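Letters are used for the chains, namely A, B, C, D, E and F, taken in the order the chains are written, and counting of residues starts over at 1 for each.
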Amino acid sequence: MCPIIMRSEGCRWDSLSLGEVMLRIDPGESRIHTARHFNVWEGGGEYNVARGLRRCFGLRTGIVTAFADNPVGRLAEDLILQGGVDTSLIRWVPYDGVGRTVRNGLNFTERGFGVRAAAGCSDRGHTAISQAQQGDFNWEEIFGPQNGARWFHTGGIFAALSESTVLVAADAMDAARKHGTPVSYDLNYRDSLWKSIGGKVRAQEVNRELVRKVDLLLGNEEDFSAMLGITLEGVSEDFADLPVESYERMLREVAAAYPNLKVIATTLRTAHTASRNAWGSLRTRLCTSPNARLIFWIALEAAIPLHPV
Amino acid sequence: MCPIIMRSEGCRWDSLSLGEVMLRIDPGESRIHTARHFNVWEGGGEYNVARGLRRCFGLRTGIVTAFADNPVGRLAEDLILQGGVDTSLIRWVPYDGVGRTVRNGLNFTERGFGVRAAAGCSDRGHTAISQAQQGDFNWEEIFGPQNGARWFHTGGIFAALSESTVLVAADAMDAARKHGTPVSYDLNYRDSLWKSIGGKVRAQEVNRELVRKVDLLLGNEEDFSAMLGITLEGVSEDFADLPVESYERMLREVAAAYPNLKVIATTLRTAHTASRNAWGSLRTRLCTSPNARLIFWIALEAAIPLHPV
Amino acid sequence: MCPIIMRSEGCRWDSLSLGEVMLRIDPGESRIHTARHFNVWEGGGEYNVARGLRRCFGLRTGIVTAFADNPVGRLAEDLILQGGVDTSLIRWVPYDGVGRTVRNGLNFTERGFGVRAAAGCSDRGHTAISQAQQGDFNWEEIFGPQNGARWFHTGGIFAALSESTVLVAADAMDAARKHGTPVSYDLNYRDSLWKSIGGKVRAQEVNRELVRKVDLLLGNEEDFSAMLGITLEGVSEDFADLPVESYERMLREVAAAYPNLKVIATTLRTAHTASRNAWGSLRTRLCTSPNARLIFWIALEAAIPLHPV
Amino acid sequence: MCPIIMRSEGCRWDSLSLGEVMLRIDPGESRIHTARHFNVWEGGGEYNVARGLRRCFGLRTGIVTAFADNPVGRLAEDLILQGGVDTSLIRWVPYDGVGRTVRNGLNFTERGFGVRAAAGCSDRGHTAISQAQQGDFNWEEIFGPQNGARWFHTGGIFAALSESTVLVAADAMDAARKHGTPVSYDLNYRDSLWKSIGGKVRAQEVNRELVRKVDLLLGNEEDFSAMLGITLEGVSEDFADLPVESYERMLREVAAAYPNLKVIATTLRTAHTASRNAWGSLRTRLCTSPNARLIFWIALEAAIPLHPV
Amino acid sequence: MCPIIMRSEGCRWDSLSLGEVMLRIDPGESRIHTARHFNVWEGGGEYNVARGLRRCFGLRTGIVTAFADNPVGRLAEDLILQGGVDTSLIRWVPYDGVGRTVRNGLNFTERGFGVRAAAGCSDRGHTAISQAQQGDFNWEEIFGPQNGARWFHTGGIFAALSESTVLVAADAMDAARKHGTPVSYDLNYRDSLWKSIGGKVRAQEVNRELVRKVDLLLGNEEDFSAMLGITLEGVSEDFADLPVESYERMLREVAAAYPNLKVIATTLRTAHTASRNAWGSLRTRLCTSPNARLIFWIALEAAIPLHPV
Amino acid sequence: MCPIIMRSEGCRWDSLSLGEVMLRIDPGESRIHTARHFNVWEGGGEYNVARGLRRCFGLRTGIVTAFADNPVGRLAEDLILQGGVDTSLIRWVPYDGVGRTVRNGLNFTERGFGVRAAAGCSDRGHTAISQAQQGDFNWEEIFGPQNGARWFHTGGIFAALSESTVLVAADAMDAARKHGTPVSYDLNYRDSLWKSIGGKVRAQEVNRELVRKVDLLLGNEEDFSAMLGITLEGVSEDFADLPVESYERMLREVAAAYPNLKVIATTLRTAHTASRNAWGSLRTRLCTSPNARLIFWIALEAAIPLHPV
């Protein structure tokens, strides 16, 4: 395999993410169903990469997404601005005053306590970005010489939003590759998103196509199994015991199936308690990346911090 | 016209309301689009009557509504419990984990300041109660001898939620009347709700039917005009100047058109500033109600208090 | 011993508790004596069982208690309503405007930190419920055929409030048993409550009588010793080391002394730090209960959660 | 009448107050009975004079009071320390762990809103200071040459706490006068405090004696009527219309009845709305005080500020 | 006079501001000296123009300033990012860990209440931007063809920070004019800033030079008097009574003295109470601006909103 | 060595501290650079001893320091008052309205989380106390017969503020010793304070003089090395492994070099995580102190509590 080559000429963005940004509505020390006060943050699997690269490493990043144009969407924009991520590629969709035609995504999340696991309630149906259509974003202008991005990131959550977001993701990845922008993709399997639109069968159909357009793939054993159908031998039902050799074999199998991949990154998280995690990492270095800093972050991004960095 | 006669025998509820209950998400002194913290309350035009009757007058009231069964719905239930309103008639609809099929209603509201008006953003598409179908509630059991209610209240917001809620409201009113339960109906015209489902034409089609099943009708000049097509002569565009004689003439016209009505109540609110209102009231006493306390509250309910009573 | 038989016919309540409900006034992360802000919750040993059964298992529960009728009492009612527990059996006592004749109970509690133990200050003298007299509650109406309860719970905290609450508890238990309602009793020895009204001598005099009316008894080694005079051999002064065999012997001794008991439940809590506890449980199954869910909760209730469930 | 002469030699305190200090528990923008969060302040009619003199004018003041020695009392001490008022004369009474024998006073207060008046709930029965006995404070040591105070202030709220606080106040006033310390007394009639201990008959019996020991008397028309039995002619029931000439005649009647008085100060407050008051003042200058600054404050103190100065 | 001509070609910024940005530390409803909690905002006379143009009108604005590179400076950056104002021209100065050599500006501000005026305490000595030197910013690059700004705004607060900021302002204005960028300047006289560096004498010396480089001048009667020495006849000491004809005469005198000025804008604020202001405006239209929206904002900016727009 | 003899006659203070008091500005659970809300506390190495002795042990303590006389300084005073520490020796320096000449010290501090260490940003340049000069405090009056203190405490942070604070500390220590008041000194080496005023060379020059005036010296291995040049053999670079025998040898070396020392106290803190520390202690008892309680506290004071005691 050849290494990942990044464009060094004057691009407008160091990295662009494509995905949904939701308001994270957080009851602090309380539980959602008995709270009277909430804090709000913004978040989203693909967006978190852009925010982290901006605030930890000072890179110029942007988010490609869509919002219904109402005060809730403008609050999301306000939080993204605070995150330092470029908002100029956000598509604003007129609001109907009710939320029948289009909405913004909300994600109520609560911390675990002792034996009680962290829990949440995502309210992301009918969102503006889930209704994005091919042609909504001008990828040629975005990745072409007038603007340009040194990296492009999207993932399996975005692809699971609707039939049309799969096509949007594919178009974006094609345009990026055409202009020499490396593409990273985080599999990020979410059962709730896929179950009503075809389940794992559809997930694999979609992702086996998209992964062929990827340079750097992120995922763990559950992702590879659910999204690509490549399983880990000898793993227990709850992934409690992960044999490292099997793990490496699985990764090599992924690499063989998708020769376009240049790096596969995976994280091994073991949740000790609701607020303490152990982190391991297993990287199959297929080649050496010339931009270690950026890749390093992408490997970290699965660890959504309690408070924004 | 004959007076409103209330059932005096042992009913389970003094009053039942049928309508949507939304979480009111309130940024306090901030604006929605720059806030980082929100308080939550519950609210809804029809529900507020039940809550007020319970907390101000100690009556036993209940709410007929539906929620998606997730932590957001359970938070609404927690707030209704705090309000002292019976939750046993709430219909719980399974949640899909995403909000594609069913959701709970949210209402972001901010206070005005100086010349800036109060504003809001209701996010109530695809809610459980807007999808309520005929047969979802067993009205015979609710109003019949095993349970029974001394009063029933619903209104034009509920009827505007969808095609099916009109039918649900009609069934409920019919059952109430069959069992001798007086019915009140608050016209409460909301342009945003009607505009995408047929506008004022459809609003009038629907409400002219429903109002025939009503004993006590609530509304102001805008409501009578938009929902029933009965207009006030000599009123200025912005309703700033309301001639009392024309007002009375309009009310008598309503009374003539709907001989089933026993009381028509209307409120005259003039907003001086964002936080100070002047209240007037004009009641066309068509007959004397034997239960002044309950009717008094219904006339007050349009004044949603800043903080729950 | 015969098993606990629960009434299955249409009772109004699944479970009733008799006891004091206090406002829990909580400085959050601060200490009481330097705080400037407090959160309020409601709580009480006997009440917590009713709340838990309602919010965790959805059972219809009620609380029998009394409050001085002032805004503090009404706040307690508001919190109990939120808890979903029926408030219709609360006795409201007129307030004198000062608190000389009757008050409501307050419980200031602070969390521990590191080596500093959690601490509190209960301010519960002269409360309405501590002044409850025989005849204040119509037990015949409560447990009789017009209403009825499937379970009744009270405990040693209530019995320690005053001379008269012992009599109220005894009357309630007698009425419950008369109508076939099983009775649970949580010994819950509190040194501060007993010391000024006769100490352990009086505690044992009172409880030895009350426990004869009980079906399910809850307690730990300190409770059995202080309240019944039945001690555990080989236990160290601070109960740090609890030999399981001695424990079982002690429970069998209790069972022998009170042949009316059908289940004895006990919890073994070891506080590791101020915020982490280890929980064990030792249940001497004297017979199998037909209602495991309810009993399960009662065994859990000693674990007052940081935030309400 | 002769002028008020203040001791100029090296006294330990510029002014001492004798009275109860309560925790003021304040729900902010909410109402008490639906709040979940409270702020705490300290307050008390007599104490407020000491705090204001300390924080507005920098005088060295102290408070003579008593607390039950528990975290609630220590919180009151913490707030008094913040107020800069000397705490060395506070008497600490052992707490029984329950509040049966002795407590600390609490005062729940909420703001009015619109037509709704401000309201409160004082919970001050059985407090440590209400149980103060003659001999609890060593007045000879306090006012004598080893310490000394340039002014002494107490009032009718303290005298209304119990039978014994009347005697404590009388002893303190006698000792102050013996050592040349002028005495001020704020009548401050509170119906709730007097009604269960003899009403206005007892209030007048007590105050007619105490006012004979006073140099500067504070009060309004309701105070003079209820506490001294000297009434204002031509005043309407609700004191809405106060004829100034009658007012002056009443004050001269008070001055004639109590020739020991050197200054009588009275405030005329008209509450426009819940948060806006109009202030007038009417001072019958019987003689000129050599310490205008201190007297000025005492006249102001009835205006308890929303937030501490 | 000729009209203000704005560059229409592709500039990077619609407007740039040069000035200090301070953290505004706000005790909410409390007073600074007794608060325990503070909110933080960002603010600064010149910066507020950039923020308002960005958030109210969606223009692309930037701020030229400097911060000490520590967490306080990074918090200011975080707030500016939230404001949507470009942070790429901020100069970051290394911090010494103590604040001896360089700091960031803080501005403690409290609201008035009733008769008490709003008050504040600015702590802005030794800040990074007050130490800015000629050459610290590359004005040629900023205003030249590679970047470019359609408008440039600075003012008399920036010029009052130090000897060197006067020179920095002059250089920036010269470069702007050279590249055809119109310049606005808000006189904004602050007595506290000028008094220790030469008072009004020095203020006039400095501003008479700077105003010669300005297209649009903002100020009120106090500003024209203190900063330019041009006074208003017939004005009372406290500016309570402002005769409009004198006002216009004064403005025409300013226009005559500085023929380079194309627009002079002035605001007439009358503070009714601490939280209510009346606003008037008097604009001497010397010519018609082609960009009314931008100028409109600058005229508004003196009205710092309670909460950010 | 002879024991520490404390004055037993009637001193005004049990202990006095000389040092800076800063506002501690605390973002709670957030990070400084993304927070919107802060809590404030007061703190300072030397002051903490006075506060702890007052609030934990009830001793009468005072603080000798200086503040700029503005609302920030008055907030610090308000917090010190709450701490119960005598404020009568605070020197108030006129404020210039800007902070160019004199300021008050601020200390922004944030908690660590997981692998992230706690961090802070002290903003203490140009403070009033750092500019204290010889003669600013009347030590003769403070320690002499009219007032007097039973103990005096200062430390190496105060001595590091400026050239002049070294002289102020020396004068204070000389006066204390002259009047028989024992002196404690906490070395407390802070690299950031020393680095721009001469580094460790200057630190040792200064401290070798000051320590000759000390009775009780506090420090750890880093302090002894940086401030006195006495090093610990066999210690690893990061002080991770501290051999106890070497530690004792080092302490004996200190004792030999400064024969005036009567007690040397040192604390061994090992930070396990950001919020859990292990504490050890090693006291070289050179003689027995007659006032164990006071010395005990000084040994504890390095452990700044999360929340004030």
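Quick note on the criterion: a residue touches a chain if its C-beta (ideal position, glycine included) is under 8 Å from a C-beta of that chain, and two chains touch if they have at least 3 such contacts.
Quick caveat, the model's predicted, so the values are computed rather than measured.
Enquirer: Among the chains, which one keeps its Cα centre farthest from the Cα centre of chain E?
Expert: Relative to chain E, the chain with the farthest C-alpha centre is C.
Enquirer: Would you kindly say which chain has the C-alpha centre located farthest from the C-alpha centre of chain B?
Expert: Using the mean of the C-alpha atoms as each chain's centre, the farthest one from chain B is F.
Enquirer: Take the average of all CA coordinates in chain E, do the same for chain F, and state the distance between these two points in whole angstrom.
Expert: The answer is 42 Å.
Enquirer: Just how far, in Å, is the C-alpha centre of chain F from the one of chain D?
Expert: The answer is 42 Å.
Enquirer: Report, in whole Å, the distance between the mean C-alpha point of chain C and the mean C-alpha point of chain F.
Expert: One centre to the other, that is 50 Å.
Enquirer: Of all residues in chain B, which are in touch with two or more distinct other chains?
Expert: Correct list: 31, 34, 36, 78, 82.
Enquirer: Please give the residue numbers of chain F that touch chain E in the complex, ascending.
Expert: It comes out as residues 25, 31-40, 70-72, 74-75, 77-78, 95-101, 103-104, 106, 108, 110, 119-126, 191-193, 195-196.
Enquirer: Where on chain E does chain A make contact in their complex?
Expert: Going through chain E, the ones touching chain A are 78-79, 81-84, 87.
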